[in-house]
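One chain, chain A, appears in both complexes that follow, with chain B as partner in the first and chain C in the second.
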Partner chain A sequence: MNQLLTKRKKLKLESDSGWGYAFIAVALIAFSLFTAYPVINAFIISLQKYRPLGSTYVGLENFVNSFSDELFWKALKNTLVYTLLTVPFNILLSFLVAILIMPFKKKTQTIFKAVYYLPAVASGVSLAVVWLWIFDPLKSGIANQAVGLFGISNQNWLGSSATAMFSLVLMSWLSSHGTAIIIYLAALLSIDNSYYEAADIDGATFLQKLRYIVIPFLKPTTLFLLITGVIGSFQVFQNAYLMTGGGPDHATTMVGLLIFNNAFTYFEFGEAAAQSLLLAAVIALISFFQFKILGKDIEY
Partner chain B sequence: MKKRKGLTLLLSAIMMMSLLSACGGKANNTAGSANSGNTDSSGAGKDTITALLPPVSANYQARFADMEKEFNALHPNLTLKIEPASWEDMTQKLDTQVNAGSPPDIAWIGASGLSKYAALDVLIDLNPVLSDEVKVDYDEVPMKYFQLGDAQYGLPAYMEIHTIGGNKQFLEEAGIDWKSIQQNGWTYDEFRKAIAKGVVKNDKGETSRYGFVFATSGVTSKDYLGILAKTAGLPDYFDNDLKYTYTSKKFLGLLTAIREMIDDGSMPKELSSIDAGKRWNMFLTGQTMITGKGLSAFENSARLNNEKIKANDGSAVADSIQVDYISLPVPTFNGADYIPTSIVDGYVALRGKKEPSEEHIKNIALAVNFLSSGSIAANYSNELFLTPITESARKAEVLEQFPRNEDNVAAGKAMMAKALPARTDIPTEQAAEALKIETEVIIPKLQALLADEITPQEMYDAVKAAAVKSFGEDGVVAD
Partner chain C sequence: MGLFNNTIKSKGSLFARNGLIITALLLFAAATIFPIYFMIISSFGDPVEAGAMSYSLIPAKISFESYKFFFNFSAHSWDWLKNSFIVAACITVSNVFFATLAGYAFAKMKFRGKGILFAILLGSMMIPTQVTQVPLYILIVNIFELQNTYTALIMPSIVTVYNIFLVKQFMSSIPVEIIEAAKIEGCSQPKIFWYIIMPLSKTVMAVLAILTFMAAWNDFFWPFLVTNTMDMQTIQVGLKNFRFANTTYFAPMMAGATISAVPMFILFFSLQKYFLEGVAVGAVKG
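Let's turn to the complex of A and B:
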């Protein structure tokens, strides 16, 4: 009898495994088609002088060209600066906003969440148009009117090397943390209330609760936001393309924009593919070290 | 439970099938679906020609259905399928299709983009299939813009001269004899004095009107430099010996002039951030006396805005004033001759991975000529305030008449008469290298020059270094 039951269980398990594999296959095929295939194809193209009607194999020439191209290094540096200036600040700001929203009732929280999330839903192009208006170089510009209140003369926000990068950074600071706030709020709500109650009994202050309860519990969330933020920031393209075109004098040329120009302005798809792979390698390396350094004492 | 699993799997399979069909699905008879390649085997001589076209003039795309019917009536065995594209996505759409090896048979491009597609070997030479009757219909200068070497890769749709545009009232207040300038042109020194007179300051000493505002933000800076360079003795990136010309001292002189106009206060110090929309807004709101670049159609735009102001129509440009638009030639620099910047746009013939048959190429040529001549060309030229460039279009009747400023019409003809044909002798590799210097060095450095971050000499040196690196010491002009 027992043997029969074991056999039935085994059969059921095998049958369930079959269903499991079938479901996994769907995701696997989608991944192969839309992620693995493009990556492999990009690698193949990176070894070619790509032409739509007949490419020629050039080996590692595209990679060598990229390494010896000053502009590639400048673009990489610009992207790194942009990342360093935007990602930590955006995480900090999102965290602070989430902490400020937390004490409100659920309905009020929802209103705040919706308001902060709105820019994430809006088209990036529309946002860029609004920011172009804000950074209008003449007196009519909102940013110039704002600095004018402090007696500062008109700034050529996007047209000057001194302010162009800062303008893009400011745009990122003020318009791209809705998603992080929602994630932080979800993480904050998942912290069991008993920790706060115990802290209250011990007479802990707000800052002590923040230091010993909130921050340790939110560490996995912070690491997730940091890694995804860095990846997103390294791939920045749209704002530089729409707001400055990479100028002036390449002060805001990011790697994403450089890749786009190589592909669609010069039709140098081989070089663009090589630079894409190099960018992917840089991002992977940074993500690896982030996990190594920051992920050590995280318990999931 | 089993039923639910089965249903879920079925839905997943349907999702995958739809994804795959969307991804790999062939054709659906749109222009984007590829070059038809050969005549349809289902009917002898039947063929479909696809075209990707932007909104050339206000009513151009609205007439597509009529154009398709008319073409079919002229050639019953042929079908013309036109896919509309916006100006914003025209190039990107075309480039994506070209790179996938499945472009439309016909696409609208600016003649300056010819070498880019020629380098990819996707253009079709129409010379062998164009009849002499067709060829003589076109004016020689614009026709050359669609040639490279001996190949005729398409046909021109129109030719436009880039001018600058003045506010008649402000010009007269500043004592500028605009009629004489329209007829005789002006030098940079005369221009510099004139735009200085156009500057108006308010009680606080702030400039409320500039003498000259040109759109120079981002890639529009390329227009600014290119247009001025033509009249500064640098009509092309290469001279007749195929030496790169922007290393000439004439280029340094031009850069110095560009900086001077800002330093004089005749142009805004924030010029590097002013885009095309902003400079036109500044013109209509009286914040500048002269604006660039000028196009013939701007006369109509200004006229329409004037009518809205008169009718108290809320859609008039905010704070705009009545403006009579005056077409003016670009001043000449370095004592050079006046050579207008001609913009020739038109239709190019393309091929994909599938080699088109001779019959199909003939049909493409028929369709290209149909689109770029006769009543179709007459109507879009008329809407753009341009003189048609084919005899058949000049003879054709137009659907609507517009009031024109006769002085502008005469000035336009005078400028057009000085237009030079395009260079057809520059090798595509060399042209591609010049394009790279333009994008990676000239435009970024010009932005820095306009923002007062580098000197004219520094920009000149950077361009010269890049040119020598690309073409060698012997491949550049040294004077």
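Let's turn to the complex of A and C:
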């Protein structure tokens, strides 16, 4: 026994160095080549007027240009509006649905989970194609038929600057809650029953249980969803690109789309790199404050 | 028991409460799957131009003409599906293997610099894709000159940090004693990995495979950037072509959208458990 213990101690101290590095080698090479190197390069390119054969160093010109570019600020504002309209609403909706699923049997829960998750399985492109048709500007379009029931006249949903942003927001409301619902449900199911039992003995109502047990318990999950949601929303690109192309009159130009256009439509790689770094800074700043303000009393 | 009140005495009021909740959930479910339902039923319409199209919610008849139209539209319609399959399969296999290896190393092995390396990987997940987009494009297209190749489509996703993180989370719960016992018996690390860790990790590997395949199959942006001929495009990129070439033919567009989604739907309904499990693995502890 004693012998075994010393042997075990020795093994604990012994490191797995060789094999450890071998096991992470491919991951490390891929990471260096496709993440670390591009990130470092982004800084270099942002200081250049990039040309395939010999770029010129221009200092902070790309950053200065971005700051004085009205479109950059407009894109930032659009992205912020989109985020504020979609992220909190989607989280609240997911929370409500997750709570409402709770009283049912496991089987029923799974069926609802599957249905709500379904849009996440379809590709963004195919969903965009469907929503394009839903928002068809003709009188026969589904969205127009729906508002027609309320006596509202025909709308050019994606083609008018008054409704284009709202159309994208509506699409997000109805198709991007599946993941959050499942995550909330998993967190809800991990709450120990004894808390509810204790509350029942004290005669707590449903709302009191919600207020004093569920909400505090789900705070880390909410924070996780909020931070990942905001990060995701600030990078939004695909729907704006496929559905409106950023128009009309740049009403739906998001920062992600602006960077894409600068890079791959105008081949202004330097400016695109500078703006991507500004975007990263904005995201980091927002995440930091979310943590500071909301994460105060969370233990990990 | 639980959050919901069980002091409701009469069966009637319990029934009424549950009925009300079910109705609300069903309405929301209907709104959620409506676009998908709409996509599928309109794909069975005839390939006529938009103006002549009837927007009905219940198909009057089922015709496969629009599917024929889709496959006859381009000589490469089948190539798009083939390319998507090759790319997604390669990315999936390499991720399952290399992410599991790396995840195991980070979860259970001891080596110098492990903590810092993992922290760097974790931190890199916070970097927006836009930052790496341009330099990565320059690297693959201008420096390696791999434009329009399978290598360009596959390489950047060969193993992703998110997957490593997922595996590491999962493997933290494997007891160290098993590994130590194997070591005492003189088992080498590759053997431990192959004979002990992999069989214990089947669930996480399945989750990984499914989520990776789905992400690769549905990816639009990178294939769109690095392909420039129709024969190398994936189905998602092909779909976009189609839309711009034929803005007025809605039913064939829906047929294309359905075709791109059907493989994922089949996978989802047959392996639902892993999909739904996988979503929560990284997000919820315990």
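The working rule: the second predicted complex is superposed on the first by the 273 of 300 C-alpha atoms of A that agree within 3 Å, B and C clash if a C-alpha of one lies under 4 Å from a C-alpha of the other, contacts with A are read in each partner's own complex, and residues count from 1 in each chain.
FYI, a residue touches a chain if its C-beta (ideal position, glycine included) is under 8 Å from a C-beta of that chain, and two chains touch if they have at least 3 such contacts.
Because the structure is predicted, anything quoted here is derived from the model rather than measured.
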Q: Using the overlay on chain A, decide if chain B and chain C clash or can fit next to each other.
A: clash
Q: May I ask you to decide whether A:W19 touches chain B, chain C, both, or neither, giving the answer as first, second, both or neither?
A: both
Q: Determine, under the contact definition given at the top, whether A:A42 touches first (chain B), second (chain C), both, or neither.
A: second
(Q) Output check: A:P248 vs chain B and chain C. Expected answer is one of first, second, both, neither. What do you get? (A) first
Q. Which holds for A:A30: it touches chain B only (first), chain C only (second), both, or neither?
A. both
(Q) With both complexes overlaid on chain A, does A:P137 touch chain B (first), chain C (second), both or neither? (A) first
Q: Using the superposition on chain A described above, determine whether A:S160 touches chain B (first), chain C (second), both, or neither.
A: first
(Q) According to the stated criteria, A:P52 is in contact with first (chain B), second (chain C), both, or neither; which is it? (A) both
Q.
Applying the document's definition of touch, where does A:L60 land relative to chain B and chain C: first, second, both, or neither?
A. neither
Q. Is A:T265 in contact with chain B, with chain C, with both, or with neither (first, second, both, neither)?
A. first
Q | Superposition-derived comparison: chain B or chain C, residues of chain A touched | A | C
Q. When you line up both complexes on chain A, which piece of chain B, out of 40-48, 58-66, 94-102 or 238-246, runs into chain C?
A. 94-102
Q.
After overlaying the two complexes on chain A, where does the chain B footprint on chain A coincide with the chain C footprint?
A. 19, 23, 26, 30, 33, 52, 132, 136, 138, 264, 269
Q: Note which residues of chain A are touching chain C in the complex, please.
A: 4, 7-8, 11-12, 14-17, 19-21, 23-24, 26-28, 30-31, 33-39, 41-42, 45, 50, 52, 97, 99-104, 110, 112-119, 121-127, 129-134, 136, 138, 140-142, 145, 174-175, 177-179, 182-183, 185-188, 190-191, 193, 196-197, 200, 205-206, 209-210, 213-214, 221, 224-225, 231, 234-235, 237-238, 242, 255-256, 259-260, 263-264, 269, 272-273, 275-277, 279-280, 283-284, 287
**Q.** Contact set on chain B toward chain A in their complex
**A.** 5, 8-9, 12-13, 15-16, 19-20, 23, 92, 95, 98-101, 116, 119-122, 206, 217-219, 268-275, 278, 351-353, 432, 435-436, 439-440, 443-445, 447-448, 450-451, 453-454
Q.
Help me check something: in the complex, which residues belonging to chain C touch chain A?
A. 1-7, 18, 21-22, 24-25, 28-29, 31-36, 38-39, 42, 50-51, 53-55, 98-99, 101-102, 104-106, 109-112, 114, 117, 121, 124, 126-139, 142, 155-156, 158-159, 161, 164, 180, 183-184, 188-190, 193, 214, 217-218, 220-221, 225, 236, 239-240, 243, 250, 253-254, 256-258, 260-261, 264-265, 268-269, 272, 275-276, 279-280, 283-284, 286
Q: Mind listing the chain A positions that touch chain B in their complex?
A: 19, 22-23, 26, 29-30, 33, 51-54, 71, 132, 135-139, 154, 156-162, 244-250, 253, 261, 264-267, 269
